[in-house]
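Here subunit A shows up in two complexes: once beside subunit B, once beside subunit C.
Our next item is the complex of A and B:
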């Protein structure tokens, strides 16, 4: 991977997040799409039920007296909308998903119900992996460290953290994470999803209040529900709504008894992966101090990727780490490993070590994975500008600013903060997301396109995930192909940034 | 069936009517026109979700749509002049 210091990119004129309104024609045609898909769905279901056509998907017999196994509209949607474009999702890969990715080529004879491999591999530029710092490769000094650690420590600890699963390596990892983030202590778990789902219940219980953002990840929602606290949801990044909810809740107290709340926990994410937006951390900290609440910050996508030193949104907004009570993150994205961590004051981490479900029952992290994270952290803690860690962080920041500015100048409607490495460009209707995916694959770029139910019904999108392993030439190629495909699909309809051809969107540094 | 399937036919036909330096741009205009028609067809497929449906479903839907639109157009052409005339008579 060649990491070089490229020409400077001018700063975006305003660092506000802009969410352009949906063009009326796109909304209209998206609804027409869904109506026609529904009509044909009913027609095909009728054919399948009367056995005129073979039933290919799974179906249940619905015996009387039993609760149905599948939710009926969800399975209707899966059969009649998702399955028609299933060749765009869940593609098997044939190699390491780094900057370039090998996809196994598939053909289908019965319209995406079943696939056969042709045996070929398609090499594509990979814009679908959360490989923010480009550490996803299977050879190199880090991979050698990992192999050494398998020889020393084995493949699995086969024991939970509170029993025999806490090795010297785990303690080293935890102290390195604490040093990286600037907190007193940290604790690491084997699964990022489980870190959220299992630990919120050791922080909150009955009699507590959880205020969570509208667009929080499923793991946070599950963790909040498992804890048994009262949950109130505020509109995405809307600090006024949050303040109003805080004031109303504190004044009225717990639901029936009106006693004061035992604790109030505000749960936010650093970077929201579907919108590409950042949380407003300075305002959140101010609110939390004013109303004496606690803040839980989930930095799954922002650790390593945001901030001038790669330390996450706290570093980006230049806030004090001690102001955020619970810092959570995952090692899946920037560190090219698996697992999650929680960092904060020593009392908090000691309490979690004793009381968390994950520490008592879940198997601790696998040693080679721990070694991978330790090697990456050693690179990132190093503050020297000429070393690998800082170079990658700078390359990612450059890639982000470059790609976002050129993409929005070309006329695409792009959501999110100008500095976030997740770039969603809106496509609105399900047929367009399938078309975009297939056309980009023909040109050698693999992207992730998402529709309902991961996004709202009308707002299907393509989500580009940038990485430090993308060079300027790769990004230029991707932008040129996006221009072609955008014209083919008539998607360059931004009114705020009227469309310009690719060569006119050249960024000139001042 | 594209233009490229009949190269000799086209060159033959055009060499009688146009000079040599004109037929190349003529060809590119025709090619662009066909590309535009293909683009319009793609927009029709994308906007009505026919892009995701199987070929027989596309045929079914397009036939129905064509039948409805042609019936409406025919009725308009046959009945509108008479209706408009009688409305003008009624209101004047």
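Our next item is the complex of A and C:
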């Protein structure tokens, strides 16, 4: 891992996020694409129903008379669109998901209905894994700590947190997280998804209002639903819409009874993983104070990856951490472990310890995973610029600026905030999603391409996840291949940044 | 007799009336229609229209006043500093057959370590090898480079162990069944759920938004009653009934009660009333049945008759995570629609490696782990029955038993005293912890869990301590 600049990159919060309008031709051809897929889909379904074509996939064991388990229209999209490009997803790997990846080569003889492994491994540059600070490693001092911890504390406690699942390590982790973020206390759970899904109901219940961003993650939506509160969705990052909703909701009260709301919770994410955008934290805090609402910030992708000290979006926007009521995050992305945490005031954490579903029933975190997080936190808490933690944060920040600027100067339509390590470049149509993925794999780069239903129908995209373990050479290679493939697929259509060839986009990144 | 003048008046009235009628005949038709319409409208306005209260819209000033007046509740209510969850014991070292609290060792009857795989040296070695090969985290969900070859191996091994077509693993035990149920059962589908199921299943049922029909715990006649009711309802509306899916959600061995479900009868009813069975075998995997293959092995039922078996890697196997096995037709659906699978990072590879090694140990030719566990559970059950003053809840072969005090003395406070006393004597047991919003809060009890490596002397010691505690507490 080479460091470009030994001095820290000056971090000025930037307010500009550019979302270029979809070119008309792209939208048109994407709809045509979907229409063709639909026509073929209906035709093939007809053939399958009349048994002219063999039904692939398995059949049910139960005798007839049972109501069918799946509605056939539910799986129309799966059978006819997703199945065609299924080789782009669920790719198995055979090693560490670090800067380079060992993909297990697989071939299909029946158009993606089943796969066989050839036994070969393909090494590719990994732009798909969430490894922002590059801590995914199978050797080194952190791995040694993890191995020690397995020997000392075993792999699991087989007991829940409220019973006998608390080891000294868990307490240490919680106090380190609180120290890292600058809050009074913190609590850690074994799964990031479950942290959201199971804890929002301890904060809100019937009679409360939840204002949730349009693009919030499924775990937040599920958690809000399970809580029983009334949910209102506001347009992504649209503070005016949020303010209108706040005013109207407080004035009109609960639906039907018009009683005043018990509390109002605004749920946002730090970095949105499909758009690459940042939440507008200063404005949110202003709104929250003006209307006496509470703020729940999900920093799954931003903790460790944003901010000059790696403390997330609160650090990036230079806000006061006490202004955010509930700070939540996961350990899967920047810490290369597994799990989630919630941090905030001591009363909040005590309340969660007593009332959380995960504390009462779920088994506590696995000790080696806890040790991994503790080791990474120790590195990150250290503010010394010459030490490992800071070096990685700076490297990631440099990589982000470099990659984003070159990519957009080359003419790709790139969404998101200029400092976010999640870089979506628009592809629009489903066939390009598959083509980009396969072409990049041929050239030795593994990327993540997503389409409907994770994104809006017309806005399929490739999402690059940058990492501190990428060197400048790796990024240059990726950019060169992206240029080739971009030309092949006619992707470089930005009007704001008319396309330039790769060698003309050399620049000093800042 | 009227006067000639009256007579004349009547006559003139009559002629007037007659000429009126004549004029009616001469007016255009539309004119008549219009008049009739106006008359009817006036009548309607008078008789039928209610006067509408005119609501004035709120002025900006009034809105601002409302906004200024509104005060939210505090984010969290004040907490009781003496709540047991805030004063938990902090342990050190391996939580195996013995645990160390405050420097003292005690026998562990509190954690779900049925087969004593926590701290097992073979499993530890395999986990260390996995760390040296894969690192710790998998850094992605299954769809985006988070599928590691060791996950695929574990899924195959689990499917092979249960003799099913396919297996699928999750990274968290609680989320497994809570994600599975909403993946199949949607709004309007019908779920028949036993009242004694554990909390994760209750959350899954809630998340599915389906119609739920609870039946009394392990009461087959109550279930039949509900099925018959549903049948009658269906016959009234057969077209709708053909689109409603039905599921029976049960556990193999109930965590909150320690008893087995009456599976044979439930399978019979399945073919009669056409519902699908989803069975959660978190506790019975590795503990019930000759080779630990669960309740289906114990009752000798063909596993293909159960549509989906979900279980956990956190209890007998001593790792983290959960899994489900069944036919490919059923299991494959979860890969795109189970939220806890698609939208969450995959299981760290070292934990998957540990689970594979645990399966290796369980599948060894000459292993008698599960048999021994059932034997010891029976012996412990006998011994516990000999102690006066306790009510033992659970099957005799179940390694998980609930202890309650008899009569009206069964309170959490007394049970906590028993636990305290046992701790001073070197036995660790725990009061079962529940949240208050369980569907049917079980009675307070001590959850006793048997570790297969416990010797007879240690079981004797446990019974002695329990007897002494009882005496001490109820004095």
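By definition in this document, the second predicted complex is superposed on the first by the 478 of 510 C-alpha atoms of A that agree within 3 Å, B and C clash if a C-alpha of one lies under 4 Å from a C-alpha of the other, contacts with A are read in each partner's own complex, and residues count from 1 in each chain.
Rule of thumb we're sticking to: a contact is a pair of C-beta atoms (placed from the backbone, for glycine too) under 8 Å apart; a residue touches a chain by one contact, two chains touch by 3 or more.
It should be emphasised that the depicted structure is a prediction, and the values quoted were computed from it without experimental measurement.
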{"item": "Which of subunit B and subunit C A:260 touches, first, second, both or neither", "value": "second"}
{"item": "Subunit B versus subunit C as contact partner of A:147, first or second or both or neither", "value": "second"}
{"item": "Partner contacting more residues of subunit A (subunit B vs subunit C)", "value": "C"}
{"item": "Subunit B versus subunit C as contact partner of A:353, first or second or both or neither", "value": "second"}
{"item": "Partner chain(s) touched by A:488 [first = subunit B, second = subunit C, both, neither]", "value": "first"}
{"item": "Partner chain(s) touched by A:429 [first = subunit B, second = subunit C, both, neither]", "value": "first"}
{"item": "Which of subunit B and subunit C A:336 touches, first, second, both or neither", "value": "second"}
{"item": "Partner chain(s) touched by A:29 [first = subunit B, second = subunit C, both, neither]", "value": "first"}
{"item": "Touching residues on subunit A, where the partner in the complex is subunit C", "value": "57-63, 65-70, 78, 82, 89-98, 101, 104, 126, 128-131, 136-139, 143, 146-147, 150-168, 170-171, 190-194, 197-198, 203, 217-219, 222, 225-226, 247, 250-251, 260-264, 291-294, 325-326, 330-333, 335-338, 347-348, 350-351, 353-355, 357-363, 366, 368-369, 372, 446, 448"}
{"item": "Contact footprint of subunit B on subunit A as seen in their complex", "value": "29, 32-34, 36-37, 40, 81, 84-85, 111, 429-432, 434-435, 488-490"}
{"item": "Sites on subunit B touched by subunit A in the complex", "value": "39, 42-43, 45-54, 57, 61"}
{"item": "Subunit C residues touching subunit A - in the complex, by the definition given at the top", "value": "58, 63, 66-67, 70-73, 75-81, 83-86, 88-96, 99, 108, 110-113, 118-119, 123-124, 127-128, 131-140, 142-149, 151-152, 165, 171-175, 178, 184, 198-200, 203, 206-207, 242-246, 271, 274, 276, 304, 307, 314-315, 318-320, 327-330, 332-333, 335-336, 339-340, 343-345, 347-348, 350-351, 354, 428, 430, 433-435"}
